[in-house]
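Data first, discussion second: the structure below is written as structure tokens.
Chain naming follows the written order as A, B and C, and within any one chain the residues start at number 1.
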């Protein structure tokens, strides 16, 4: 039996009038059943593109998968037809979007929006059963079922995100793609929502890809981490392997150094120099080479492979060619 | 170093323009519209070179109702006047009046819309209610009423048509200003004590020009149509001065037997109006930042 | 020497709406010394942005006073205020809407100089623009570039340069880094701190991010629904937070420290309400795990330790 979700060497391009944007450049990612993977990266790293590719929701005419494969539970997603995809979306895989304000339809009540998913995916269900499921899922996400006849604007931001989660989970999907679900929320609300999602994850045993730019959230919530830069996974491992901060990709190391630490007083932060890679360029070597302080000749010439560091820890950097840190000297 | 900067400047500006031109070029209909208008404008502007004004008013009873031929491209009318010459010179008046009308409406609408949108409150209420009243009356009817009150003549017609067009432009300008008013760069301008006039002039006007130009292009077509309508009804440009609507009006009794007298000027009106609308559509795609990928 | 640059006394800003009067800022008293940063922390809707805008008089205060170098601002008339205005500038959160898309970088930075210093000739002005750009780390090749051609970090630098072009003494920073990626955020924070050291600038740094505030501030003020709930120096606040809200806020922040993983969190129930016609008592009480009858009475800011003020009756005994 293969992996639960297997993304292999995925290339995605966006073609616009002016240029071609290389959003994903050979991204490889496996997700086990019941695993929560934190997908970390900055704006334009290709995190959302990956989620959209898995659901085949890339903007038509513009976005195209040019190479690679996606297998979900043995199903070839790229080859799947329209009907097959419609079944997959919602029933097997569902997605939570970043902005709870715009991902709900303002003219339908909350209950109707949840019911809609059930009508689509379980047409045989009776009305009573459906109502029962709606009540159940609302209770599960911490909303009193009486509120199902209210409209989204009567809910606050955090409550709306709970509704969005309820819609995503009502068909009991096996894989949940959460695209920055807490970024638009305040910290105290974020803590509530994360706690809720943690509980739900345990109850429902859903696999999850949790997309975020916040390394802290990942540590609190995920089992393993995939760091994305320039449309590639550059580091992959469990939380412990990465957060122990002994061996890291220079980019991950840079990210850690950028975050002001609550525990320690620092005089100055250590930002990563330069800017995020222009996605219309396609350098031959490592995507991070221009900003990397360990950059050597071969970094600019060819793209390093994923090197095995130990356990499930992989790093895509020449410094770790033999599992050993190579110094510049 | 200074020189380098200026070089960079021109190259940047042109690249922005290039992008707009490129996007405009993707819309085939608007290119066709543009070409038609350019040919028309050239033909009209250069008219004295190939066709003297005498032909427009020169009557010759022996040459009445001639069908289109090599000598008279579009034939002649009931007085034996050359229809081609009349249409070419009539086009001058139609297009010129259209441009002037829309120009007045554009400037006045912009001023009123900016004032209403930026100051809000009472100013907004007064200006916009006034516009609502004007908009409640059909444009043509309003223009007719004004012309009847002021008397016939090109000047009065221009005033009448502008007044009926102003509320539309003011609405567009106001809605654009409303979306800009709370932008942070407007606040930033306020924090350094920029006067309100300067904020409008430097920060608001350049940013609403795009949507305003689109609106004006669309309005130009309908204005030309209105001028023709007024001409046809006999309260616009008075005969014998040629104007497309007036030409149809003069010939209406003969259209049944000599259909080309109505069809040809009608086609000119239609093609011109359509072309301006196509250009407007293309401009919307090219200038609207939301269309950017 | 009196080195207090800016202070507010019982500053209030109320907005009348159809639903009632929104008490966006209620009774805020604060002081900012020359060359220091006051961090203002709170969740969305706590009035922190309104406070910043009221201080630099983008909004007229409803009640109370703002004093800049001892001069009361709300009373100043047109010309006098204009003279003072360049001293107080602001940088904004959204690097996309804070720059005029139709102006080039050099024009954006030159514009405030043109407005406040019309006597300066063009050469002088351009020289000043170039110097300011250099100060903010904007490469000269961006001189004539338009905002949409730059990334978020660059735009934020331009926003900062626009504020600095007038040589202000005080800058209100309204969430200047929260829309930026972490690697860029660190660059901007460092830049702000370098500038402060070099030019003795004072900042009022508004943010929801406690980590950032800890990094950049000298003093920290925690706001909740328009009111100050805790006010202390950075060291003091992070060593002993007293108010239950501050403690919950701190505990809610996800850390990257493996040792503190799965630490028990102080979870707050409910969400921030709208401060429309609020009751006189503690506004945090409905969410507070320690709420009691006494919380219905108005809470005063009381000095719990030297220089450490808290508005909670249960915490100060």
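By definition in this document, a contact is a pair of C-beta atoms (placed from the backbone, for glycine too) under 8 Å apart; a residue touches a chain by one contact, two chains touch by 3 or more.
Everything numeric in this text was worked out from a predicted model, so none of it was measured.
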item: Centroid comparison with chain A (C-alpha atoms), farthest chain; value: B
item: Comparison of A-C and A-B by number of C-beta pairs in contact, larger one; value: A-C
item: Approximate Å spacing (C-alpha centroids) for the pair chain B, chain C; value: 49
item: Where chain A and chain C are represented by their mean Cα positions, the distance between them in whole Å; value: 32
item: Euclidean distance of C-alpha centroids - chain A vs chain B, Å; value: 52
item: Chain C: positions in contact with at least two other chains; value: none
item: Of all residues in chain C, those that touch chain B in their complex; value: 53, 56, 58, 81-82, 85-86, 88-90, 92-94, 97-104, 111-112, 115-116, 140-141, 143-146, 149, 159, 162-163, 166
item: Complex contact set, residues of chain B against chain A; value: 19, 22-23, 26, 293
item: For the chain A and chain C complex, residues of the former touching the latter; value: 42-43, 156-159, 186-192, 194-195, 213-217, 219-221, 239-240, 243-244, 254-263, 266, 268-272, 275-276
item: Touching residues on chain C, where the partner in the complex is chain A; value: 43-44, 151-154, 181-187, 189-190, 193, 208, 210-212, 214-215, 238, 248-258, 261-262, 265, 267-269, 271-272
item: Residue ranges of chain A touching chain B (in the complex, touch as defined); value: 14, 16-18, 62
